[in-house]
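Note that subunit A is present in both complexes that follow, paired respectively with subunit B and with subunit C.
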Partner chain A sequence: MQSPAFRVVRALLLLLIGIFFLFPIVWVLLMSFMTNVDILRSPPSPFFVPTLRNYVALISGHLSTSSGEVQIDYMHNLLNSVILSTCSVIVSLILGVPAAYAFARFKFRGGEDMAFTLLSFRFAPPLLVLLPLLGYFQAIGLYDTYFGLIWVYQLITLPLVLWITRGYFEDVSEDLELAYRLDGHSWLSTFFRISIPLARPGIAAAGLLSFIFAWNNFIFALILGSSSVQPVTVGALAFITASGIEYGQIAAALVLSVIPTLILAIFTQRYLVEGLSLGAIKG
Partner chain B sequence: MSTLILDDVSKIYGKDTRRSVDGVSMSIKDGEIIALLGSSGCGKTSTLRMIAGFEDVTSGTIRIGDKVVNDLKPSERDVAMAFEGYALYPPLRVRENIAFSLLKNRTPRAEIDKRVGAVSDMLEIGPLLDKYPPSLSGGQQQRVSLARAMVRNASAFLLDEPMSQLEPQLRALLRARIKDHMTAHRMTTVIVTHDQTEAIALSDRVAVMDKGLLQQFGTPDDLRERPANLFVASFIGEPPMNIFPGARTENGVVVLNERGEAAFGIAGATGGLSAHDGLHVGIRPHRIHVGGGVPGAETVQGEVLSSHWLGDHSHIGLSVGGCFLIAVGDRDATPPAGSVVPVSIPRDAVHLFDSASGAAIQHGL
Partner chain C sequence: MSDKISDLFGAFLAGRVGRRELLARASQLGLGAAAATTFLNRTQSQALAASSYDWKAQSGQSIKLLMNKHPYTDALLKNIDAFKSLTGINVTYDVFPEDVYFDKVTAALSSRSSSYDLFMSGAYQTWQYGPAGWLVDLNKFIHDTSETSGDYDWDGILPNLRSATAWSGKPGDALGGPGAKQWALPWAWELNSIAYNKRILDAAHMEPPKNLPDLIEMAAKISKDVPGVYGIGARGSRSWATIHAGYLSAYTNYGAKDFDTSGGKLVPTMNSKQAKDFTRLWVEMLQKGGPKNWTTYTWYEVANDLGGGTSAMVYDADSAAFFQEKGTKEAGNIHYHAFTPNPDAHQPTPNVWIWSLAMSAFSKHQQAAWKLMQWATSTQQLTLGATKADLIDPTRQVVWDNQDFKTRMNGYPGYLEQFAASSPGAKIYFTPQPLFFNVTTSWAAALQKIYSKQVSVDDGLDQLAHDITAQLENAGITD
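On to the complex of A and B.
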């Protein structure tokens, strides 16, 4: 049995870790309800009069600063983020899940090399690729389009989907698929009815992770698009105005931008737990 | 429900030069139960997977009924299989796992329930029907997997190590039930196993494989009394056959000990033997009688080196003229170590093999 002292110490340590990780988030949440004056007060104080003006400014699109009114398009950026991340993940799942299955199940010439090449996209510094790519994109008319950005986002999302789901497919016993095929089903229906459902926790995890990576991307959209397609990460730059940095709005923007990812995480978490609680697939 | 014919079937994996299955031919009759027996890597599972359609046939033909199935997909071959790794669908209950293939064929609900009930009673898994596979023990999962195969009405049934995980008592009970069921329903069945007791208990004929080659395909009696070669002779039987180098004499054979000296002779007719120089002599331990006095047997003097009581019989180690011989005896007939006793070797229990090829030359003198 654990002694009471041990339990107290453990709770204390857990609390410390919790505070350490949660403090910045809590502080940002508080900041989003403060005016710039409150935020910049020294020493900082947790006691202030909460205000909704940061959120109002973001949602209405009118940002009043000391040097006049600035138009910002934050809600449009938020919508862009949703469009870009969602479409990128969907495209990656459509391309990556069958590819991951192929890499997991079949040995073919160059298979490992292909899989590794896709992974190696994650090693390269993005800027190295982006500058020449900018030239091409402008030449063929992909600059500043959703299509072009979603295409480039595949560099982020596809390797993740591929390598995570591949591991899950490898864990699904091949005998399960063979048993299903012996019962008179085609290869394709085996893939959809047996392999994909059994790898679903992995697919959900890969989808969630690649969504977060896509959501957090900054550099691709900064270079390959204008404000009409730029996501929140780039859009937040607008809060660095001529009259100073609008910390309150940045904090509010951050809170708003976290919400979609948070909802998705909570939603897929249910899937993950459900999938994993089915128990290990015996191979 | 159908014949199953393998004609000169070979399998080479990828760029391998070795044949994993090498020219296997066997003809399995409608409703016959056969076992593919051999140690791991002998090609038995590859053969089974070719019949199921999971592996391409490198050369040769496989026929189920009068249909050549070489190029048919697994789904088109109408075979049922129980996998060694069970291959149960984790999200489905045991009942749904068993009924799975029947649902696909639009079998009426009442009929499905009846058949699932019958097969699960036979395999003692009735109480497990509403559980999920991951909550079952290995032995239980194995029986579910067996039930899922046996509930079908397939042309052929393929069972890969079907009873390896069962407890001994249950195994003995189920062997008899499964055999009765398969015979009653005329199920053409191929069982892959490395357990010769199981192969012999379940099947009408046993195919012994080694290094991809079919060594012998015959009834359990054939394998025991008329082994085709040294491999089968030494593989079948527990304890294994006593095998010694030997030589022909005018009126029989002589068994040589490790130093190449004559240890003892066995008189008898060796008609077709003149051309053979290199010779091996095999004697089944079960046929050697310690104590002597058996009519029609060669009786020699042997020293008892050891005796091992195994619960229902004993293994007696004997030295006869420098040859180490294992015999099987009853408790009453077990002499103490160190004593010298007469040892009877019935002439019809002596097998002669060609040393070079290993092929059997003569069974019984």
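On to the complex of A and C.
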């Protein structure tokens, strides 16, 4: 039995830890409702008259700065991020999940080397491959296209999907699959009806992580595309100009850019839990 | 009515009517300010088109610009439709923030991309891009009467700026010297000077600083006596920009140089007696009256602190202070002041930054790109940018002498006076060499170590000179 004093101290400590970790997020949220003058006030104050002008500016595309009216295209950047990240993850799942299953289930010549090669994409710093890639992309017409960026994003998302889901497939008992196949089901049917549902938590985690990594990518989109295909990571920098930093708009842009990832995380969480409970009976 | 309007704008272009009179009479004819500006752009474009130069020679071609997010860019793009109708050339553009802008430029040029035909550049960047063969030597256009309009007044661009964007490519050769290639056209610029918060200085019963020792004393007293305010803002991050702004301007004023080129090769002189004496004063200024986290300070922090009222003075680009004149707490309190740091010197020696337009050597539409370059840097466009947008440091003297521009800038106390006093000595004081960014970054790192008392001024600068000698040798520059 825990004493009341212990429970109070524990609650206080948890509260402090919560405040410590949540403070930056809360402060960004508050900043998104402040004017630049409020944000730059010294010392900073949590008391201010809230304004929606930062969100209005982002959504309408008209930004009032100290040097006049500026057109911004942040919502287009947001749409680009959604397109690039979603498509990249879908392509990676389509390619990576069967590949991960094959690497987990079958031993074949050069298999480990191939898997390691795919993983090694994560080792190489993007800057190392960017200039040759830029040359190729311009030569074959992929520069400044969604297709080209989704292709190059596979360097980020495919290894993650492959290596995370491979581990989950290795944990799925082969006996379960064999039992199902002995009932007369095909190999493909076994893969879709037994292996994938059992590996669902891994697939969900890999999909979510890949999405976050793709969403946060900056350098590929910067160099391999122009403003028409660029995501929020590049677009958000437009609020840093020679005439000043629009902190309010940056905060509002940050809040808006978190929403899709947050929705996906909440959505995926359900599958993670479901997958884990399924996993409880597999052994 | 429309004839009367046309006549009125024609008279303005012929110089028979001033801008204020033009706007007043246009208003009487029922034309609002915005419509008058549009009409003026159109009339100017028609006037250019009426000259014998064939502005339409590349009609139907398309060019793409790579621009930095900047008020000067906004000034240009605001009027880009006038260029399109004048030439029939289609213009598209990408605009990137400065934090990543030069990465994009370098990637495009080093991959020999033809995606962009022209781009914004600083003079320092051309020291890398030009000798690498990535830029077009613009002399071939400037001095070709078939390529350049007779109305284009090349000599009207401030001479120091024309020189600053021309270099032979040989390390140590003077900018604009014999054999220099014109790597870019100066478009707008900024010089480093003092801007101060008059409200704070008045409250402290202080006048603007007379020289560096005076500035140190004032900054120290403000930091000590005025709550929540420090004395002087200057850049301090580990970047070339830390050296380029106030530091090099004052360094030069104290008679110090970055390199000695007298022996025909580059010898670093950041550890000369003048350099050490000056650096001692500079670091003392920052330690006693600078921001607490000076080593993180870039253009943005320096400017924001002035606008936010947390710094009393800044030693930085005049435009950095100007852009704090709207929408900030201290808007209206900012004044400008020409500054001669050395008590024994006779005039300011501001180092300058020049936003220029450069042409990619890989452009497939060089003639069309050249048309845009000469249009953008013409007297008419710079006047429009200076009077109707925020291109507040134009590169032509005639724009500085324009009465409308003067009237506008008189609203910013001391701006024109500091320009008049600083301009004769304003130029690039760095010795051009391709390792500019490496050298200046090492220099900034050395200043940070000295500031944080990890090394003495003497040891820090001796070590810096030694390191730079090694860098130059490794690159084969001093062989």
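What we mean here is this: the second predicted complex is superposed on the first by the 279 of 283 C-alpha atoms of A that agree within 3 Å, B and C clash if a C-alpha of one lies under 4 Å from a C-alpha of the other, contacts with A are read in each partner's own complex, and residues count from 1 in each chain.
The rule is short, and it goes like this: a contact is a pair of C-beta atoms (placed from the backbone, for glycine too) under 8 Å apart; a residue touches a chain by one contact, two chains touch by 3 or more.
From a predicted model like this one, the values you see are computed outputs, not experimental measurements.
In this overlay on subunit A, subunit B fits alongside subunit C without clashing. Once the two structures are overlaid, the count of subunit A residues touched is higher for C than for its counterpart among subunit B and subunit C.
Residue contacts after overlaying the shared chain place A:L262 against neither subunit B nor subunit C. When the two structures are aligned on the shared chain, A:N36 is found in touch with subunit C, with no touch to subunit B.
In the superposition on chain A, A:L130 makes contact with subunit C only, while subunit B stays out of contact range.
When both complexes are overlaid on chain A, the residue A:A242 reaches subunit C alone and has no touch with subunit B. Contacts of A:L198 after superposition on the shared chain: subunit B is touched, whereas subunit C is not. Note on the composite model: angle subunit B-subunit A-subunit C, taken at the C-alpha centres, equals 150°, rounded to the nearest 10. Contacts of A:R181 after superposition on the shared chain: subunit B is touched, whereas subunit C is not. In the superposition on chain A, contact of A:Y143 is made with subunit C only, not with subunit B. When both complexes are overlaid on chain A, the residue A:S226 reaches subunit C alone and has no touch with subunit B. Of the two partner chains placed around the shared chain by superposition, neither subunit B nor subunit C is touched by A:I19. Between subunit B and subunit C, the smallest C-alpha to C-alpha distance in the superposed model amounts to 50 Å. Contact residues of subunit A toward subunit C in the complex are 36-37, 40-43, 64-68, 70, 130-131, 134-135, 138, 143-144, 222-223, 226-227, 234, 237-245. Listed in rising order, the residues of subunit B touching subunit A in the complex are 52, 54, 73-77, 79-81, 83-91, 100-101, 104-105, 132-135, 141, 148. On the subunit A side of its complex with subunit B, the touching residues are 173, 175-176, 178-187, 194, 197-198, 278-283. Interface residues of subunit C, counted against subunit A in their complex, comprise 68-72, 74, 94-100, 103-104, 107-108, 110-115, 228, 299-300, 303-304, 307-310, 319-320, 323-329, 389-390.
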